[in-house]
Amino acid sequence: MAKLHFYYSAMNAGKSTTLLQSSYNYHERGMETLLFAPIIDTRFGVGKVSSRIGLEQEAISFNENFDFYDYVKKKVAENPNIKCVLIDEAQFIKQKQVLQLSKICDDLNTPVLAYGLRIDFRGEPFEGSKYLMAWADQIIELKTICHCGKKATMNMRVDEQGNKVREGEQILIGGNDCYIATCRKHFMLGQAGAFILPVKNRENWEAEEPLEA
Amino acid sequence: MAKLHFYYSAMNAGKSTTLLQSSYNYHERGMETLLFAPIIDTRFGVGKVSSRIGLEQEAISFNENFDFYDYVKKKVAENPNIKCVLIDEAQFIKQKQVLQLSKICDDLNTPVLAYGLRIDFRGEPFEGSKYLMAWADQIIELKTICHCGKKATMNMRVDEQGNKVREGEQILIGGNDCYIATCRKHFMLGQAGAFILPVKNRENWEAEEPLEA
Amino acid sequence: MAKLHFYYSAMNAGKSTTLLQSSYNYHERGMETLLFAPIIDTRFGVGKVSSRIGLEQEAISFNENFDFYDYVKKKVAENPNIKCVLIDEAQFIKQKQVLQLSKICDDLNTPVLAYGLRIDFRGEPFEGSKYLMAWADQIIELKTICHCGKKATMNMRVDEQGNKVREGEQILIGGNDCYIATCRKHFMLGQAGAFILPVKNRENWEAEEPLEA
Amino acid sequence: MAKLHFYYSAMNAGKSTTLLQSSYNYHERGMETLLFAPIIDTRFGVGKVSSRIGLEQEAISFNENFDFYDYVKKKVAENPNIKCVLIDEAQFIKQKQVLQLSKICDDLNTPVLAYGLRIDFRGEPFEGSKYLMAWADQIIELKTICHCGKKATMNMRVDEQGNKVREGEQILIGGNDCYIATCRKHFMLGQAGAFILPVKNRENWEAEEPLEA
């Protein structure tokens, strides 16, 4: 029986790299996959999964009305060599779409690997994350670390001046805010820190977890 | 306190890709790493870590007399920005070298990530794997699958005619044998199968685990 | 830094046994713990944690207005030998109480182990589970199996005639309905099955996961 | 396909409790199990599995000539309701017996849960542990902690005066030495510490991992 996997993390944990490597593993052995990315993610252009390490691949774009089950059902009927469904930025899918993903596992016997953020900048779960956490067969954490070396679990929204943003829409369209992964303590203190550790802080710096892939 | 991690797997599970991505994660944040690879691995040239996905990086080569502790101690004294030690093909290290790796963690407070095969083609643990399994603080499996879809745990040596080799030296210098990861059942049956699944076998084929990164 | 752990499961996975064994481990080494159970759980009397294997221990009862942070802060100030906080039926806590638990970790440096159901009989996350899934530092699954042998992830409410109940209040006060853990397929089919496997079904029955503790 | 699971740990991590709870989980659902314990373990009498929490159950005793495969094959043929094989103190089994356990999984389709120490008081793997680490389908750590709060990975042999014993037979018959689980640092320093933490050391004491079941 195929399973629904939810790989969750904070910002910049390498979700897209992991997704692309998993997809590659199928192709390397002669099988095919379906990749999905939300229209909302316009960082790299609609319909692409891109990773910071330099990998990139085209993806089928989806919005909140997209029916994953109908689409995948048709595709696997045409091409039984499709052996896996992978979804980037899965925090943006809706409750009914998570149900569609579980039907892809149960009725079409095709595994689904969904990658997404756990919570937004206010600490609230996204709709997709909430129901993936509720219904996934496997929940796997992809780890990243705060500037202090602790595991990062929060996503701080930071404005152009580097100040923490505390209120606003869950999904920011346009604007110059950015997101930084921090531990809970530095999130509460509003200290985003720097992704690249300042040299003066490095001597006794120690990561709680190795920065493993 | 830094820790000794052993990432073990069968052949072709993506150990080198994972190693390179972990090293990249440190560099991306402004830190440095030390990479080691055995002289014996001449697949891609001495002193390189290479992965099938196309990534490659230079590495410090080691043989069985190399002293990891002395080398790393000197390097981190010169450059406190070195924050992680990564070792490819770690099955080839000796018992005393595993002890050196644990001293790198305990005395130099630098984490060590060692990647290696668990067992040889006869089912015997390598010396390095035996002592990494005995002393590592964390033991992590990197998964791959057999041609039948089950998780692969064995490494079959196969000669030019595709027949299973049952006896011989643990480490083969030269020669045209190759290694294929299989489940225990197909190892016992001597059925290596094909890394790329034949089309006729794909229709009802299902992987026990997704081919995740 | 102390951490917030969420041990989630479907019905009858042994959550209370695991909680009591963890508490025992602290006491065995000379330390003390604080145990909490909701007033709502009147199966075994208010203020107790009881497990099917026959273990039982008194607990501090809480309702939705209870302030975990204030209570624990006072207790650990009086008795620094308290080294762990354990919470049974943690699905019933409120959002603000999950925040209190994270403050117990961050400000009082005392680890919190919360045990609870992931979802209700309709498939909706409980408020406690939703925010524990969102904010916990560690998310750990305690496994149980469906009558078919697959891992159980759903909780079916069943009436006195053995029929699946599809609507109603999230928490049932009184009444004779009961809850049975099933896999998603048998949940969708409304087939609760029997907790004790009928003899005629046992011959080829095989569990996906061992019934491990 | 049934699997061979190896649950490894240092001393006093609760291996026997976990084994008994797993066995209980099968019986509770109407199925049966086979329990094995070595003759060498005379702590509680031959042929018993006993845990510090007070649970106890009879077991089939084995020595190094015992054939697990033949025994289990006969038993499951007589009684197809036997659904799991559990082995206490599995570090004491021999290489050929680990092979028998894997045949119980592969040929009889019955899962095997083996519980044992990883290494002896000199840091050397036991024969059973070495081959279980090499061939098990799943390797699971049961955690315990050193007196300092770090995870314990070593087993120190201590004489009547509380001094570390550095040499001697792997298995001690008679005598008054005992074994204490410590981290690697305190093992190297020969500081066994106390299982029950002295009150004066408790104030700032913090466990790296919770003492979870």
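We just call them A, B, C and D in the order they show up, numbering each chain from 1.
Here is the rule we use: a contact is a pair of C-beta atoms (placed from the backbone, for glycine too) under 8 Å apart; a residue touches a chain by one contact, two chains touch by 3 or more.
All figures in this text were calculated on a predicted structure; none of them were measured in a lab.
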item	value
Between chain D and chain A, distance of the C-alpha-averaged centres to the nearest whole Å	39
Distance from chain D to chain B - Cα centre to Cα centre, in angstrom	28
Two or more partner chains touched - positions in chain D	none
Overall pattern in which the protein chains touch one another (line/ring/star/complete/other)	ring
Each pair of chains that touches, named by its two labels	A-B, A-C, B-D, C-D
Sites on chain D touched by chain C in the complex	2-3, 5, 14, 17-22, 24-26, 28-31, 52-53, 55, 80-81, 83-84, 109, 111, 113, 195-197, 199, 202-203, 205-207, 210-213
Chain A - residues contacting chain C, complex	1, 102, 106, 118-119, 123-125, 129-130, 133-135, 137, 139, 141, 150-151, 153, 184-185, 188
